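Shared between the two complexes below is chain A, which pairs with chain B and chain C, respectively.
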Partner chain A sequence: MSGLLVFLSQVVSAALPVALAALGGVWSERAGVATIALEGYVLAGAFGAAVAALATGSAWVAAMAAMALGALLGWLFATATVRLRANAIVAGVAVNLLAAAGTRVALKVLYDSASNSPPLPLGASSGASVGIAALRELAASPALWMAPLLGLASHVALARSVFGLRVTACGENPSAARSLGVSVERVRTQALVLGAAIAALGGAQLTLHQREFVAYMSGGRGFLALAAVILGRWTPRGAIVWAVAIGALSALETTLAGDDTMVPRAALALLSPAAFRALVQALPFGLTLLAVMGRLGRARPPAALS
Partner chain B sequence: MRAAIPTRAAVVAAAAVLLTLNVAVWASGDAPASVLMLAARGAFGSGYGLAQTLAKATPLVWTGAAVAFALRARLFNIGAEGQCLAGVLATAVVGAALPSSTPWVIAAPLCLAAAAFGGASLGGFAGWMRARLGTHEVISTLMLNGLVAVLTTWLYAGPLRVGAQVHTRPVVDGARLSHLDLAVHAFRGSALNTSLALAVIATVVAHLYLTHMRGGVAIRALGSSPRAAEALGVSTASTTVRAMTISGALAGLAGTHYVLGVKGYAEQGLGTGVGFTGVAVAMLGAGSPWAIVAAAVLFGAMAQGGLAVNARVPSDVLSVAQAAVILAVAAVRANSRQERP
Partner chain C sequence: MDLSLSSIVRICGATRALDGASLSMRAGRVLALVGENGAGKTTAIHVACGLVAPDSGEVRAAGRSLPPGDAAAAIAAGVGVVHQHFMLVPAMSVADNIALGAEPRTGPLGLFVDRARVRREVLALAERHALPVDPDARVESLGVGERQRVEILKVLYRGARALLLDEPTAVLAPGEVDALLDTVRALAADGASVLFVSHKLDEVFAVADDIVVLRRGRVVLAKARADTTRDEVANAVVGEGHAPLEVHARAASVEARVALELQNVSTEGLGPISLRVMAGEVVGVAGVEGNGQRALAELIAGLAPVRAGVVRFDGRDAAGEGVVARRRAGIGYVPEDREGRGLVGELSVAENVMLGDPEVAASEGRFDRAEAARRAVAVIDRYGVRPADPWAPVHSLSGGNQQKVLLGRELARSLKVLVVAQPTRGVDLGAARALHEALREARAAGVAIVLISSELDELRALSDRIVVMRRGAFVGELRPDEAVDARLGALMVGGS
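This part shows the complex of A and B:
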């Protein structure tokens, strides 16, 4: 029982960063701007959360700071891509590099370390070894409460609100939107900043969970989130469902790494435990490839996605 | 098609480096001018520094040329990252499998071909997906990057590792590319090797292919006007596959610098990041082979200069400057008339 609780809490804490990053990705891609930059948003959010938590000792302030830093980075990305019309892929590469290098510079300047921040003053991590403690720790994370709220709000907003419909219009047919008097630049900028803030909250979850910031700690979650966005066909619900699936895979991988005896017997006949874990890690990428190849139903991106 | 020398991009790049460096160094509590001098001296001020700058530029010439090549067909090969890792893997496997007495005339070409094949297979697959299934190459190559990263991590930690070592079996001696410090005494101790010369030659040859050969001209035609190209009898499908295959091969060949030049074996982390930096190099140097080489040297110098100043300010200050260069140049390119390659 306790083992199951631990596993479930691991699934949730692995899924949250990816789900929030994917939700952020849905907002910006639905507006018609390809968002490689998710990786950078997550990393920047993780760092912002660490700085704020170290300064104030509050997880909620940390979450807000993460969103603010993410929004700032999103604004920079929007300025480059929307206002200055820079290629979104190239600008995304730059934002990722900026986040990776910028957080390392700030780490050195603020905490005189090349690799990690001091431990956050939020109580020692229990290591999530006891079921109830793992749950209590999870419940103290702002991201846990904000993620469903943001997911629901995004779902409703994209489908029904004026702003959401405008975002979709800008992603599907910007010139039609423009002819109806919508400022495509403004709507896209708003969607990008919003998406970046949400994605950065995913980074905050990483830091709050690990109780410290570690350089490069986003570790490819932004790209996994992009996979979730595509597999979820650019909808908030789909993206979150797939992010949870990816989170479950990653929790499974962690569990298997700790205990080889958990690898299914049938798999062991063919593969070594390490190979089985690699297969589990590769699944999200492989599934996404199949999805965009049209092998898992049609995945149609927003028409104006560049 | 004129080979536009991106003067404006170069000016903006320089301005971006200077500005970010000033701000970042000042924020780190040091004097910008002296740190910049130190970085420049570290990158160019000695034979060793210069050689290290060129060594760090070598894989970037390969990946920069790779991304720029696909861009000519208006294809965005963001998979240079994974293609480079595949090149590292392929050349290390082939190089280690050869009998130890294999003469270099056989070993070196085989290993080069393996690296090219590793990258080309991934690039070609993405090209095929684009041509036959309409899958956007940005998405497919990003996912292939993820797959290759998982695959190589597993292989280097497991099946390919040699006993207690964390790397693959060494390649045969005949496959090793010579270090240039054998010829130039001032370069002593540097990792600079003949992969640089191969990269520069390949970049120039790729350019000549694009400008003078039938297949290359078709690639550019596809890039500037797909419909006109189709009307002229250029097959969109096969041209797309060809452009991505050659681009992937160039990116894969970056693996030769690491495996045949520097290390002699493959290990986790070799080549990580150079694919993405290659995107920046291609952006800065698009249009001319020499501009690609120059852009790669610029990024190599920033990496080497970063190490030189590391005692005073974090070396990542230089990476922040790289990011600023990419953003600035991307914005300038979008707003200038020589925008399209």
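This part shows the complex of A and C:
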């Protein structure tokens, strides 16, 4: 029983950052802007949370700071892509590089370290080994409570709000929106800033969970989130479902790492246990490739996505 | 509502899309705006509805000046447009498309769209104007006629009292056209002013109270329908009484050998058509743009697939051959969009000259810079390209010089058939002469030439005979000396 609880808490803590980043990705991609910048948002959010937590000792302040920093980065990205019409992929790479380099410089300046921040004053991390403690720790995480709320709110907003309708229109046919007097620039900028803030909250969860910021700690979660966005057909619900699935794979990988005997015997005939784990980790990307190739049902991106 | 444009100038790149045009729509009346493609009709609509700002001039709605380039202000003033290319979001419902940008709000802080109200209002409007639609259907599932009804409802939903319809009948089937004309009349009877853009004089004379003809951005005719005739309008469209044509003595170089033969050929937007071009013959293709000329050119060049029929070069069946095989067989193509399709702007003259060579395209190995420069210099010297630098990027050349490079590249190969579209568009007079001279030389050398042009003078000056295209078919054939503007114009626009 406790083994299952441990596993579930691992799934949730692995899924949360990806789910939030994916939710952010849904907002900006639905507005018609390709967002590989998610990786940078997650990393920046992780760092912002660390700074705020170290300064105030509050996990909630840390979460808010992460969102603010993400929003700032999202505004930069929106300025480049929406206002100055830079290519979204190139600008996204720039945001990712900026976040990676910027956090390292700030680490050095603020904490005189090349690799990590001081431990956060939020109580020692229990690790994930003790079931109940792990759950309690998870429950203290702002992201755990905000993720479902944001997911639900995003779902309702995209489906029924005026803003959601306009975001969808800007992502599907910006000329149509413009011809009706809708400011495509403004709507896209708002959607991008909102999406970046949500994605950065995913980064905050990473830091708060590990009790420290580590350079490059986003570790590809932004790209996993992008995969969840695509697999989830650009809907909040789909993105979150796939983020949880990706979290489960990640937790599975962690479990396998602790116990080689759980690797299926058939797989061992072909692969080493480490190679099998790597395969499990790579699965989401393989699925994404299939999805964009249209092999997993109809994956139709927003028509104006670029 | 009255809506007027006064002395509008709108400059797009090097051309004046509108050059001091004025027109005035009156409440309760239908104003037909007629003109060739590129005459400035769509630009006039874009200026009127605030999608683009004019460089000078003023738009007034109900006597009040509208801020230039402000779509929201134009909508608020009651200006509504049905664009030629529909401005719809296919993935959204009819109701959402109609409400977008003017959503009635409900719920806390007015965050939500009041879809029930949209639905109710759409149904009421549809009923009142006899424009049946299903508000819950997704636009992507609708046919063209239904989509157009959605566009009109979109405009009416915003309370538009001046409606601008940009070539609304171009996309419709005949039965749908009649219904649309009824709608237009009903809207005017209801007190709205309507601008109706069309090439088709039948429709114009069936629905308009007033007629304005635009040519090259200027108003060349503005009369009440009762005070004009179809012939007068057709002449105004193509431009009567401009510079006398340069008639050149034609050497009797037409050989008795069929170089290009199309038999009942059809492709997307074209045909079935039949055409024979002899070696050393120039066949001019006249027609309002968008009537299948491009499909014809691409069909011959091998870019458009042959759906049915026979294509022969020098008697040899070539229907199944692709571009490379046809180029190798001596087919040349100068597309009208020289920067977009003919040349690669970022590459040098020399690289562009090499690009067209199927041997280079099909060979492996290194790029022979010396050979490229040699060929480029040959083109540069022969046609007087300036600057005379084989390594200058093509986008740094003027339009006329680009066109010389493009035509020179094609003519440098031993061609049998050349398709050339709008060879002198946007080209200065000197370059135009040089290009015409090059085409004449090619003809004298026995090349069969299909010349597509909207310049009637050019067609008369170069062609041995002129065929007229309308709606993807040949509707007439004239000798250059009998191809006076009135006759060509009548064939092109389908007047009496």
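Simple rule for what comes next: the second predicted complex is superposed on the first by the 303 of 306 C-alpha atoms of A that agree within 3 Å, B and C clash if a C-alpha of one lies under 4 Å from a C-alpha of the other, contacts with A are read in each partner's own complex, and residues count from 1 in each chain.
Keep in mind that, in the parts below, a contact is a pair of C-beta atoms (placed from the backbone, for glycine too) under 8 Å apart; a residue touches a chain by one contact, two chains touch by 3 or more.
Predicted, not measured: the structure shown is a model, and the values here were computed from it.
By the document's definition of touching, neither partner reaches A:Ala257: not chain B, not chain C.
Look at A:Ala91: by the touch rule set out above, it reaches chain B but stays clear of chain C.
Of the two partner chains, neither chain B nor chain C is touched by A:Ala55.
Partner contacting the larger number of chain A residues, of chain B and chain C: B. Judged by the touch definition given at the top, the superposed model places A:Ala139 against neither chain B nor chain C. By the document's definition of touching, of the two partners only chain B reaches A:Phe285; chain C does not. Looking at the shared chain after the overlay, A:Ala227 reaches chain B, while chain C stays out of its contact range.
After overlaying the two complexes on the shared chain, residue contacts for A:Arg104 are found with chain B alone; chain C is out of touch.
When both complexes are overlaid on chain A, the residue A:Ala114 reaches chain B alone and has no touch with chain C. Shared contact residues of chain A with chain B and chain C: none.
Of all residues in chain C, only 49, 51, 71-72, 75-76, 81, 83, 87-92, 96-97, 99-103, 105, 110-113, 115, 154 touch chain A in the complex they form. Contact residues of chain B toward chain A in the complex are 24, 27-29, 76, 78, 129, 133-136, 138-140, 142-147, 149-151, 153-154, 157-158, 276-277, 279-280, 283, 313-314, 316-320, 322-324, 326-327, 330-331, 333-335.
Chain A contributes residues 34, 36, 76, 80, 84-87, 89-91, 93-98, 100-102, 104-105, 108-109, 114, 220, 223-224, 226-227, 230, 272, 274-275, 277-278, 281-282, 284-286, 288-289, 292-294, 301 to its touches with chain B in the complex.
By the touch criterion stated above, chain A contacts chain C in their complex at residues 157, 160-163, 165-166, 168-169, 172-173, 175-182, 300, 302-303.
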